[in-house]
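As written, the chains take the letters A, B, C and D, and residue 1 is the first residue of each chain.
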């Protein structure tokens, strides 16, 4: 069951879809939400699915809303941009295919031919200067992203892309789209939103579209992240100490 | 797979749907069943789904019936009321969406435009004078429920509403309905049916519709609840004592 | 996905469906297979579903076959009988509804109006003279089964009937069928096929249809069951002794 | 949701489907991939399903592709061959039926009437000279595979065939196909690809079609397997020693 709420049918010039949904390090969602905010992109559609969670949220005005993914558009010089973001990805494999399929049909109607998906790539340790790795639908797409500094490693480190960022390209390729997934290196811990990885991807996108992005707020987030990491490490150290101290209770509960 | 058994097509004046299905503290189901009983509301429809459990019940006349949700109507002065209650909610996320969607279509045909869903909101401790929290589809709905004492906290405490009470509002909003969820504060323990929370919600509903409700039986239930809580506490205390006493058997089975 | 293989379209006089599929004590399957064997009922249809397991069996001629349920018919004097049996019930709730729905449509086409489902009812201990409990779609059905000795307890002990035996009656009732579930008292252990419970149900069915059933082979099975139970008890006793004897290995692996 | 990418519609003479997908000992996939490689079979179709995993792979050219199953054809003298292989089987029972059903329809359009599925049969120990066991859709198929040395054990050891290799025969039989499953004896350990079992099956297929297969590379793989097994055994022995040596850490962590 797919439901749409479309409030505007924008006329777009050579539109490119830029997708960022929740995932590793929350890089995709953070990046696209930042772009929407800084470019003052306009919301024009929502997609709902019975493969999203079966609850509603209560917002700050005590009003409820279903889980959804949202579409925004931004009229740029070179390419217009359609943004896709949201609070959830599908909760089932079948739902992932169904939602992606619906999104692609919607995008085809808007004239979209190229797709940029954004995600994180978890590595060991905490990358200070994260790289942006790329994977494409067709080899010819690579050349346009080499100058903005995207690294193509030919499947050496990253073997697969899970969820919307992967399926939009995989299914999209079958349906005649071309595209790229931009993966910011991030650290493999849940609960953190990696502003540094997001910043690295933003710089690639800024250069690709020829649109300057104000990075002030992202730098602030990066500093907050540093503090949060330091704090988490301290907590971990304390936990480790506790767990490695043998206690009488533990020994007889066994 | 949705199946309907409709025994009457009532003509209703400005009908409002009041839903109460099993959930936290069983507040929704208890409230709506009490209203059906006291107002002598008349059953007119049943809905069945393959997302309900795959068994039948055997009742006191040795006859079987499938799990279902039931619709009753009550002709009031101000607004006629359609009640929705039952023994189950859907067992799958997809089923939740499918059943809710079918219910909304049915309600639209009956002329329903407003929906009141009833649930419990679990808090720490046992609330002696539970409040009724509210969440709405549209801000304008709030004003009519402030006088009956509903508290709107703007998502501060309650962040989401799970299941039918949430989806009827969320999906309903998309389909042109407006409504409110009334959540009675209750304690977060399974196995209890919280008569006090239910009573608090009943008073709001009574005032909103301008219909007096006889509270005698609900007061009896509240007293029974007090006894049950006291008994449960005693049992718990005994359990805790047993578990914290080290025994030889435990140490070698461990 | 439902698939049918129908090899014959029998003309049946007032046919009654008698269903027995795997379940508690295997009473349903055993009873119906025994009837098929003794009455030399003729197979005429098979039903397949994607909610059955996704494997094939290899039989004694090295040939493969999909999991299925099977239909047989028997031309009697009073009522013709359609038997439904098989090696599996659906593996999902949705599948249970889908298969039952398909079976009911098939039966309606055959002229079936009454359904007898057979199952086991697990009790404590091992019943030497198991009773047959009944649950019906309509009260009027009861009277015809009181003489053959079916006990109606008005939902006191048995509260629900899970799976095909329940759904055929529950969904059937919605679709205009009437019927009864016959539950032979059996002991709540997996791995046993309870011939005594089956025999009790067979006697009810024999009397209801006015068809004598040769019980010789069933008596043999009942004796084999006695031996198997004795053996299982001995094994259990040995296990209990082992587990309650403290050992050094257990204490440090713990 | 089934999607096809068909790049060629070959005209085939009495084509036989030979299927080998991942499974026990990876015998099926290895065998069919080897045949495709040695016979230089030509890819002409791909099948996609929402019951395959919801990710894309990144290949050596940094391009992405969805999980899929692939079809190749080879023009032989006696029978043309259609090969089916891939990296995945469906992740759900329903998906297994849906994909198999789609494959059978596709094969019917190609003129396929006979199906050979390839799998492994896990036995205790490591078989030095693995046998090939067979199970057929119809008894008459057996005779043609007895000369190439297939053993038919009438369901004695192998009781069922799980997944695509089973369903293609089971569903195929319902749809008018005939066929056989060739199972190479292999050892029941995950992580190994059993070249010896694969070689045994290849010899049967070679003889059945009258096509010589170059076994050089398969012999190399068999030797690599021997080394891998020896290494794994050593690791296991070390593990066992560690686990059976009581340590202070283990005793108090419990």
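The rule is simple: contacts are C-beta pairs under 8 Å (C-beta built on N, C-alpha and C of every residue); 3 or more make two chains touch, one makes a residue touch a chain.
The model shown is predicted, which means the values in this text are computed figures rather than measured ones.
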item: Distance-maximising chain from chain C - centres being C-alpha averages; value: A
item: Interface residue overlap between copies chain B and chain C, same or different (over half shared); value: different
item: Whole-Å gap between the CA centroids of chain B and chain C; value: 37
item: Whole-Å separation of chain centres (CA-atom averages), chain B against chain D; value: 53
item: Residue numbers of chain A (touch at least two other chains); value: 253-254
item: Chain B-touching residues of chain C, taken from the complex the two chains share; value: 90, 93-94, 96-98, 101, 134-139, 142, 152-155, 158-163, 166-167, 169-171, 173-174, 181, 246, 250-251, 254
item: Chain B partner contacts - residues on chain A that touch it in the complex; value: 1, 3, 5, 48, 50-51, 53-66, 91-92, 252-254
